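Presented sequentially are two complexes of subunit A, the first with subunit B as partner and the second with subunit C.
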Partner chain A sequence: MSRRPPRGEYIETDTGNKVARKATLVGTQNIMLGGKTVIQPEVMIRGDLARSVPSSSSTASSSGAAGGAPPNNTAVAIGRYCFLSRGCCLRPPGRLYKGAFTYMPLRMGDHVYIGPGTVVQAASIGSHVHIGQRVVVGEFAIIKDYVRILDETVVPPNMVIPSFSIVAGQPARVVGEVPEGGHEAFELRELYKTVGNNPQPAPS
Partner chain B sequence: MAPLTPYTFIQCPCSDPSTLASSRPADASSPTSISGQERDDDDGRTFDPRAPRSNYSLYPLEYLLYCEDCHQIRCPRCVSEEIVTYYCPNCLFEVPSSNLKSEGNRCTRSCFQCPICIGPLGVTSLEKPADANLLAAPDNAASPPSGPYILICSYCNWSSTEIGIQFDKPNSIHAQLAKMRNGGVTRLTAKERKEKRREAAAQSGTGVPPTAAPTTTGGDGQDLDVEAQFANLKHFYQGQLADANAAGASSLSSLGDLGFASPNSLSRIMSIYTGGSLHDKKAKTRVGTMREALDSDEGFKLADLDESGAIEKLHEEGYDGTVSSEQLSNQPPNVGEVQLHGRSRFASELRPIPYLLRTKRSKRCPICRHIISKPEAKVQTTRFRIRLVAGSYIPSIAIRPLPGGGPPPDTLQPLRPAQFLLTFKNPIFETVKVTLASPATTPGRFASKVTVLCPQFEIDANTDVWDEALNKDGDKERRRRKGEDSGSGPAGGGQAEAGKIWERGRNWVSIVVEVVPASLRPPTISFGKKEDTGPLREDEDVLEIPMFVRVEWEVDAGGDEVGSVPSKDKDKEAKEKRELAYWCVLGLGRVSQG
Partner chain C sequence: MSKRHSIVPPISQAGPKPPVQFSSSITIADSAVLTGSNPIVIHSESVVHPRARLESLGGRITIGRRCVVHERSTVGAVGTEGRVTENGVTLGDYVTVEVAASIEAGDTVIGDGTTVGVGAKVGRGAVVGKHCTLTPHTVVAAGEVIPDFTVIYSNGMRRMDKRGVVELKNKGQARQIEVLRRMIPSNPSKFQ
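After this line comes the complex of A and B, so read on.
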């Protein structure tokens, strides 16, 4: 929580990702970052929990790759301008599939903010989503675009949260609707600039 | 107490502020309601953010829309909404509005909420995939698990077995559930019930006395469920009404007409419960009394006053076995369960809750009826065809305590001056002139002093970001010409000065507001006046400043009006003045009570 981080606290990649050296990324070969994403210290991403049953069956939704594509082992896919706050954890959800236990990928769109201390086991999170602090998102939850999850919410496994919902409580329930004028507040471009090795002050 | 983040709420013009001032005659002792009124006499209004009515007219900027034809702010309270799409929030399927009339406002697929905790319910096979681990053969294990199926809550682990319900198929749970009572007893559909009635009628027609008939529901009617009873009663009374009509008595309606047994009352009640289909224009002509239902075929049922079962259940299950009022209110209506006509008392009587449908709505200006917000109809898209939000027309106001010049930001100290920075950001492509007015002291029992150091300023247009980068020097020059400040940095070397803005940027300006918070001690002595000496009310320690904001700018005349022809000769002078003025309230923080 020190105001002046030591120099080089973050590793900044060519695509603009800022990954804290003190973040724990397990199974990095299965973690996809879209670029311009911030990963703060003490964040954990479990890329090692990759799918163990091949997804070649007709029932699985193909991820669009043409025939002959290499097996897709992505465990966690993160879009652009996502912000993973200190101490949050991304963990792919797992279940029995055709009699065998397997993990399924956790996919996340653009401009997703995940608050400090939050645990996410969703199947998918859309774009422009704000998840507060100390939230638990249960396994295989589906969160659509423009959703705001307030602090300390517990989203039950398999819950679907439609777009423009404001969600709170244990278990989570929709408590409000994102107003028309509230769409721009989900943008994380400015927040991105405020962290890293050369952080800029927040705009007034 | 949780620290308060500064906020700005804006008042929509739909709540006439002139009524607000007069709505608090009891507060005549408040210093501003008199002096404020005098000051704002020219437009004859003042504004108290603590007035009870203000609750309903103040909104954060994000919640406000803007009508381009009226050039006015519109709020959720005054816009008229039209439903574009109905959809289930769980399966995200659209529900055609024609289905709503027949099937109601809940999802009729397999989407249910837990009656205990409202978590989502999932369908699972009761049959365990027993040998999955031993004979792990993914290929032949692909045969789908067979029934029976149950609904299970992923949050609290409640399952439909607790109310004795299992399903044969994993899909169309709603239809299956509609045919089942708790405990697995079959529930007749309306059609089946009708047929049964007909059979019963046929039997009784053959001379068998209805009471003796062991057919439908048993002689004493104890097995008669609510729906069957209603159907029977309805049939019985319809017959009675028909008889009364046929009798055609013609005397005037009398007092006896108001009794339960009168045809008039009955047809009125029945038209309430059956959607008016029984409403009869000739009702006035009917008098007399009719007999009541006598047996179960006519809908007669002895009230079950024996509560020993319920008491025993209470002994067994205790408080945990009963339902909370919240759980009850979450229950879908017309459950049709026997107990108390659908009002359950025990958790075992609850039903899974089909998801209530959600809507996408478009919004119209209440004055000119133009659409000011319209989402695309498709459920899965988040785009809008029209979205005129106030945030793209009026300046936003951000508040933060001025570093250095003030107390710790979480609380304000009474009688200690504190400075706050208000940053106005201009969203439009024209330079705007902003004029601020606020009462010298805040309204209410505790009058804090307020000084806006720079109540009048201009904000540059919201030009392209690249313009700013390219014209940085030009910008500075322009500013110097205006003689407002000596650069883009804080004015006067970090010292707030009256009449000067604090800092400015591309399309924003910061100014300083100084407050001297009042002491929060309620007056102990009242000087003959109706002084309010009560204790501190909820949130009365929050320092709120009412502020009147006037924004003026110029637009090309007719430039954005539809159908107007821009005339070239008077193009240069053709600048039209625009003005928008509104009240807002700035919440700065809590005043310490020490």
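After this line comes the complex of A and C, so read on.
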């Protein structure tokens, strides 16, 4: 027992996800990680708030599934190379739908950075999105690709943020555009390498 | 012995276990945190999400009917002064306390149907009226009195809510609670 190497701060899965032991994941069976995703300590993901009303699209496709596969209950779907900073919180949005209350899945693309202390209740987040610290993303907001949300922004519920926007303020407004050739700044592959049980220093 | 250990860390149950008085119809998550020495009273059909903190060190906490206290919020936070009053925090009926909101103790009252937004702070002794909306990151100063139907924005702007949707909102809250009762495994006996 004593010869066992000390347990690292992170659990590293076969698909390259790095999940901190001190993260709170509720309802893990409803959380999908695409791989190479970093979940830092004190992050909270509410996977238990799954959809309670079957969607029309999933009932249509279930006839094609072999032997009546279980319904897709994914509450939070996260793409590849996402980075969830310390203390952020992801929860699926909920609303009344056809007279019944239901939670809807929260979908995130690839290369999404979420800053510390941020609360996200969006319906969908595209790829290459950077969300700063202490941001609040309201319920059913839709964030398209290549969007930068500055610190302390409050994105109101149901807002749709178009691609290549820079968003700030309380409530959030589009304050600028991502400059031409500014796409590389959204890459999170290098950031991914700097955390984990044997982190590598960031390239200068 | 499995190599991968539970990723959910143990909850720091700091301080004494408070005396509680629960209605039989409430939903309280196993990982909610209740601390303090004064009584905590939760009325019927209210929901306490995982990791919500109810601290009764600064006085009794009363939560009305059909309230929803979201994760990471703190009800009854002992402020800088650490004064102990008889009624620490009183939440009316149909109150929603959203993620990471914080309500300080000290005769603080939140009226019926009020929503305390994400990350908002309500200072000690503040009296928030009925059916108010505090938007995310709003700060209500200690001792402030806010009239009914006020909407407060985080930049300090205020307006009155004249939509008249109280009934609808209450109905929506009831539906939400119905769903949450099925989703959140309730374990009130842990706190009793």
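One rule holds in what follows: the second predicted complex is superposed on the first by the 184 of 204 C-alpha atoms of A that agree within 3 Å, B and C clash if a C-alpha of one lies under 4 Å from a C-alpha of the other, contacts with A are read in each partner's own complex, and residues count from 1 in each chain.
The criterion applied here is as follows: a residue touches a chain if its C-beta (ideal position, glycine included) is under 8 Å from a C-beta of that chain, and two chains touch if they have at least 3 such contacts.
Just so it is clear, the structure is predicted and the values come from calculations on it, not from any experiment.
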Just to be sure I read the superposition right, which of the two partners does A:L96 touch: subunit B = first, subunit C = second, or both, or neither? both
Could you look at A:V26 and tell me whether it touches subunit B, subunit C, both or neither (first, second, both, neither)? second
With both complexes overlaid on chain A, does A:R134 touch subunit B (first), subunit C (second), both or neither? second
Between subunit B (first) and subunit C (second), which does A:G182 come into contact with in this model arrangement: first, second, both, or neither? first
Between subunit B (first) and subunit C (second), which, if any, makes contact with A:L49: first, second, both or neither? second
Taking the superposition as given, does A:A168 touch the first partner, subunit B, the second, subunit C, both, or neither? neither
Do subunit B and subunit C touch any of the same residues on subunit A, and if so, which? 96, 100, 138, 154, 171
Using the touch rule from the top, collect the residues of subunit B that touch subunit A in their complex. 61-65, 76, 87, 89-92, 117-120, 122, 129, 132, 136-138, 141-142, 153-156, 358, 363, 373, 379-380, 382, 384, 387, 389-391, 398, 400, 421, 423, 503, 505, 508, 510
So in the complex, the part of subunit C that touches subunit A is made up of which residues? 4-5, 7-9, 31, 50-51, 71-72, 99-100, 117-119, 135-137, 153-155, 172, 175-176, 178-179, 182-184
Which residues of subunit A touch subunit B in the complex? 53, 96, 98-100, 138, 144-146, 154, 156-165, 171, 173-174, 179-182, 184-185, 204
Residue positions on subunit A within touch of subunit C in the complex are 7, 11, 19-26, 44, 46, 48-50, 52, 89, 91, 94, 96, 100-103, 117, 119, 134, 136, 138, 152, 154, 170-171
